[in-house]
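Comments concern the structure below.
All chains are identified by letter, namely A, B, C and D, in their written order; residue positions are counted from 1 within each chain.
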Amino acid sequence: MNESAALIAALNTSWFASGLSEKAQTHLAELGRRFTAEPGTELFREGETSDTFCILVHGRVALRTLVPERGDITILTVEPGDIYLWSALVPPYRASSTGVAIEPIEAVIFDGAMLRAALREDCELAQALYPRMLVAVARRLYATRLQMLDLFASEQVKTW
Amino acid sequence: MASNAPVTARPRVGVVKFASCDGCQLTLLDLEDELLAVVDHFEIVDFPEATSSRSPGPYDVLFVEGSVSEPAHLERIVELRKQTRHLVTIGACATAGGIQALRNWADHDAFRAAVYTNPEWVHSLARSTPIAEHVTVDAELRGCPIDPGQLVELLTALTTGRRPQLRDEAVCMECKRQGVVCVMVSKGTPCLGQVTQTGCGAICPRFGRGCYGCFGPREQANAAGLTRHLQMAGDRPREEVGRLFAGFTAYSEPFRSMVTELGGTRTGRTGGDPDVAATTGGRR
Amino acid sequence: MSTATKKIVEERLYEVGELTRVEGEGSLRLRVRDGEVVEARLGIFETPRYFEQLVVGRTPDEAIDMVARICGICPVAYQMSASHAFEDLFGVRIDPSSRALRRLFYCGEWIESHALHIYLLHAPDFLGYPSAIHMAADHRPLVEQALRMKKAGNRLVTILGGRPIHPVSVRVGGWSRAPRVAELRDHRPALEEGLAFAQETVKIVAGFTMPTFAREPRVVSLRHAAEYPFSDGRIVSSDGVDLAPSAWRDAFQEFQVEGSNALHARSLDGKGPYLVGPAARVVLAGDQLHPLAKEALAASGYAKLIRTNIYASIVARAVELVHAFAEAIDIIDAYRPPSETLVPWQSRPGVAAWATEAPRGLLFHRYEVDEAGRIKSAQIVPPTSQNQAAIEADLVVAAKEVLDMPHEAATHRLEQMIRSYDPCISCATHFLDLTIEEA
Amino acid sequence: MVTRTAPLRGHRPALEGPAFLARPDLQVLIDLLREDGRRVVGPTVSDGAIVFDEITSMGDLPQGVGDEQSPGRYRLRRRGDERLFGYVVGPTAWKKWTFPSFVPLTRATKDGHKVTFTPEPTDDRPVAFLGARACDLAAIGVQDGVFTGTSFVDPDYLARRAQVFVVAVQCTTAASTCFCTSMGTGPEVSEGHDIVLTELDTGFLVDADSTAGRAILEKLPLRPATAAEQYGAAATVAAVRARIGDPVPASGLPDRLLAQLDHPRWAQVAERCITCGNCTLACPTCFCTTLSQVTDLTGGDAVTSRSWDSCFSPGFAKVAGGSFRSRPRDRYRQWLTHKFATWWDQFGSSGCVGCGRCITWCPVGIDVREELNAIAPAVPLVPETPIVEPVAATPNDFVTARVVASRQETVDTTTLSLTGTDPAFAQGSTGQFAMVALPGFPPLPISISRFLPDGIELTIRGAGPATKAMCALQIGEQLGLRGPLGNNWPLDRAVGRDLVIVTGGIGLAPLRPVLHAIVADRRRFGDVKLFYGARTPADLLYRDELERWGTRHGIDVSLTVDRAGPEWTGRVGIVTHLFDQGAWDGANTIAFVCGPERMMQATSTTLAGRGVPASRIYVTLERHMECGIGLCGHCQMGKYFVCRDGPVFSIGQLGDIFGREGI
């Protein structure tokens, strides 16, 4: 049907879902729904239960965390094709940061509980999705490590 | 603390001493050729050994001689640090605890009792420690005593605002540059030059002796490697090798570990002169 | 101002911070009641460094390196007393040239030390400046020449020992390296210039106005039949003491005083304080001075006053400068490198003791050496500890003169008098802090 | 000059038209040498060793003296004969005269805003070496190669070397530490000498190998050598070769060595090695130097001098943030691999001549022959790619430039516009750098961030005292320049290709000229993507230019920062993953990457994952540089001098040394 076709098309543009098998994509299309939000919308909050898993199709989402006395710090921006709220698939299902749309966004989102149930039943879906998940999360972990190195910080040399 | 800007016109300089022999501050007065130029560029605000005009600080540059050896020293160094922009420790006592740090391996009370009939009249700390163990130090001039050339280099670096060129290489490098024949290879004389920081100009090898490490251990000094070689190749008893390290910078690592491991300085044995010990204290 | 008529006790308190322009730090206590000095004590608060203990268990050569660190101003003296003590015990006869070099070594240190004291530490008192640095503003050429003279001495020690402070080449049995003839010859011109300026210096200091002072102290120094005393001769005194340089303890001893971290020295005969140093040497061994030095002394007109006016010790120091330069030049002209720079020696157990003449006076070392050739015990008696009693005695005399002076002048005068001893407070490094209480 | 082929085997008869000189007549030779105003330097006994020193007569030579050498041990002994050369090499190397341990280079004076750099005079008095051995001659040849054989000639070395006259002596004895036979340099004296002597019981066989040499021979009281004498001499030298044997089989050694960068032996030898540096300074070929400044109290007068340095000293490979060879094992490996392997690539010869000095004079007796033999099999060398020839000036010759504009880019970074530079600079190309000097400060390599018709721009981050001082320069003030140095970005290879530029922080500065070049001729390039990362939005350089490149010149500019406040709506995240989103094919892409080494590694990995071939991923490396032209030795990375062969390298070119710790 039209709606699901549009969803599959959307999924296909994404880095995350493009590589998935047709079967998996169709199954995902059944589970997912389109979602849009205006810039400035707070999508989820650090520490709160995250009950949706999202694939960003257009726009940009800033992942922020509140540092007392330094205010909200953006630690990463999610670019189109990437996922956010993967925490919906990993116990204890709590958001690890606060998400804010900083451009008009379009995403395909999935109900966490439903998706988890589907993954339990449909091994093929699980086999197709989890490796992708792993890559996405691993890549984010690696990027974060490099960020942590603060590579561009100016090395201040003491006179003596 | 240390900033890269050249120190402003006529920086205020102080020279103070803790437990020491005064030799390092004397080195400043021994800059016969530069002394008057130095006082043109620096305002000597406190230097008891040289002038009666005193000022308590603050100091742009404070040269600190000597090791922390008595209770009063503990507060004094912290107080001085507060008033100082560039704190420079000069000499083995200030940078390594000095020869008197050999007592750190000994029984302090026994030491005291051995020299003094009435030890309770004498106040000193059980350990003699380098300044950096108590406050932040911006630069150090090594040596027992310090090298006048390095002192001048530090002063000129200060006026131009560049980093003083104090090399972190082994004494051997200077030995070889000067074409001195290695005393260890050609005479079998034990020499600490390989593990000792350069700066002296390789005086001891030039004078036919082994280096006794008065400039202290260099970065990553492989003292263990040298020790193994001296014990095995040189077939020397542990304690004899230990005594090599038990010198003017014995308390800085890795020399310290060598002394502890090999011995070389007495630990708590009381000696001293029995006759002196017998002399009764008292007033005239 | 005390008023004799009233019975009310009026107290006056004079205080100087730490005494400046001396090596090290010390404190002084002076109590006067009814115009009578009842206590004059020099306290020594230097953190003890326990050298006598540090050298225990070490070898003689290690001790020579270690004891030098007692004093950065006269390390050579410490190396001389120690090496001669050990050589005496071990029966080492060093090469004649090595012996000449040892004298030359001492000349270098005397020059450096005396030049330092006369111009950088003491002269400002007579000319009314807080320091030589301030003095240089009005007398730059004089200070420059003084520094050149001092440098000539330092250079001498450097040629022989590698550096002016804590030189490295003195060993039991001679030297680890002897200089080449050329090295010494190259330095001769600087010594000639130094000699000329030393002679000039005697005239300059003799021209200073000396405060009046009269006390004829007991004086003690080495005396040698054929040479001005450096590191050989007998210990003699103005009242008949005559001992081998190893036998200091037959006439003197050390003892501890509360409030002082240095052991004082006193004579066993109970004859009280005695003076060591340039003045003592000039008095007891003046006949052995180099002709040029004798000449300078005679011309200065202070030959007699040196005996009784402590302030005039600066003249004795200047005369010794002349001697040191003159003898240094003679030694260099006669120099041939030793045939055996380092005489081999065998350690033997026993007592090694010797006294030599540090710039500031008699320096006595005594070591017990065990069978293994290690030091079992040590005793080191620096000149300043021996002078302390004399300083205190002189303070009693000086105090009478200064009590009626304005505070500033009084304290300055007392400092000047103490400086006259050139107290090497680093040898017995002390904190000096003057208080005059008057009841 | 040693060739890479198998060791020489007495290929040239040591004696040719040989004549005999009676021992006492050696004085005549010495006198003749001195007559021409030469200083004669030869062996003397000093401090219990054979030390080369100035001599005036035969009496100065060590007669009847022999030596005993073993790892870490040297002793003289009496031979019981009258021979004057009955020993082998001692602690001194002849480089003491051709390449002294301390040489003043430049005097810099400052007068108000005006600075002047004047070269210091060199010592080119003629000198004769008496008693050089085959290995010594080979060593002189090796240093000739280093200082005069490549793109740049060291003027001081050349001046001294040109005045050297060599009287060589055949080795008639060998020490246990000798291995010239393995290195193909001896014991036979074969080249590099003017006169060669072979000592016999009563005198010398004499031969000449140069016009100057023959000229002197003609004045010597010679007689033809008897057959017995000739045979005796040849036999002795042959016996020496036999005695030495072949302790270090040399063929293929470079490859075998470089294949063992991870051998556990490196760590083991590091436990014994004190990293004192004696081996490098005793070595007759080691050429690394470091600069030092001596300023007067006013800083207005500064003399820059160079002195022997050693790769064993911790400071040798230091850059802000630490040393590239932090561990002793790294330094030992650097020394050995350089001597025996990468030296071939740099100078076409081995860096070792087998004299054994490093073995005898190692205080703890480490024997390179043992270490080499303990290290095993082969891998192919990293293939080379051609390097662009830079235009440059030698270390003692600076041109001055005037600051005409100074623009603060970020809180700690400033761009200086300079004019009055040498025209060479305007012709420099993208990616090159200049050695920049202020009186009293060590010269620093700074990449050129823009080429102007009459000058250049430098973008400098004030990290240390020197760079801070440069940032603080006011309009009208002068500084000293050398360059432009190093190679450039291979823009020609980018023509017709898609170009991906990935850079971070100050790394944009050396790439800015690339963008200027592209903008100037945009059509010649395919898609151009610029990925630029900075620490925070405030740390982005050249903001308005970034803007223009994106909007006007069709360059796809993506910016990202490591962290930002809520006001920043741009990307946050590490630059290395920016271009990981979306689909694009690296097959026709060439990439230029500049930033911290860690960032460049991550980037090249990701690029490779996108199909960009290693040969088309270019990075620019930072190393400790003092001379900028491959003469001071500090910036070595494997077989490369980063300053001379780089700073731009392709990942393919670097192979597995890129990103390896401690190279």
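Just so it is clear, contacts are C-beta pairs under 8 Å (C-beta built on N, C-alpha and C of every residue); 3 or more make two chains touch, one makes a residue touch a chain.
These numbers were taken from a predicted model, which means no experiment stands behind them.
Relative to the centroid of every protein C-alpha atom shown, the closest chain centre, again from C-alpha atoms, is found for B.
If you compare B-D with B-C, the chain pair joined by more contacting C-beta pairs is B-C. A separation of 36 Å divides the Cα centre of chain B from that of chain D.
Computed from the mean C-alpha positions, the centre of chain B lies at a distance of 25 Å from the centre of chain C. As a whole-number value, the distance joining the C-alpha centres of chain A and chain D reads 51 Å. With each centre defined as the average position of its C-alpha atoms, the distance from chain A to chain C rounds to 84 Å. Of all residues in chain D, those that touch two or more other chains are 464-465. In chain B, the residues that reach two or more other chains under the touch definition are 4, 157, 161-163, 208. For chain A, residues that reach two or more other chains under the stated contact definition are 157, 159. The residues of chain B lying in touch with chain D in their complex are 4-6, 34, 37-38, 40-41, 153, 155-157, 159-163, 165, 167-170, 172-173, 176-182, 184-188, 191, 193-195, 208, 218-222, 224-226, 228-229, 233. For chain A in complex with chain D, the touching residues are 15, 18, 39, 60, 62, 64, 71-77, 79-82, 100, 102-103, 139, 142-144, 146-147, 149-157, 159. Interface residues of chain D, counted against chain B in their complex, comprise 46-49, 51, 72-75, 91-92, 96, 101-102, 271-278, 281-282, 292-299, 307-308, 310, 313-315, 328, 360-365, 440-441, 464-466, 468-469.
Interface residues of chain C facing chain B in the complex, by the touch rule stated above, are 17-18, 20-25, 46-54, 56-59, 62, 65-66, 69-73, 75, 112, 116, 120-121, 124, 130-134, 136, 140, 143-144, 147-148, 150-151, 154, 161-166, 168-169, 176-177, 249, 253-261, 263, 266, 366, 368, 376-379, 389, 415, 426, 429. Partner chain A is touched in their complex by these residues of chain D: 320-321, 412-413, 461, 463-465, 504-506, 533-535, 539, 560, 562-566, 568-574, 576-577, 580-583, 595-596, 598-599, 602.
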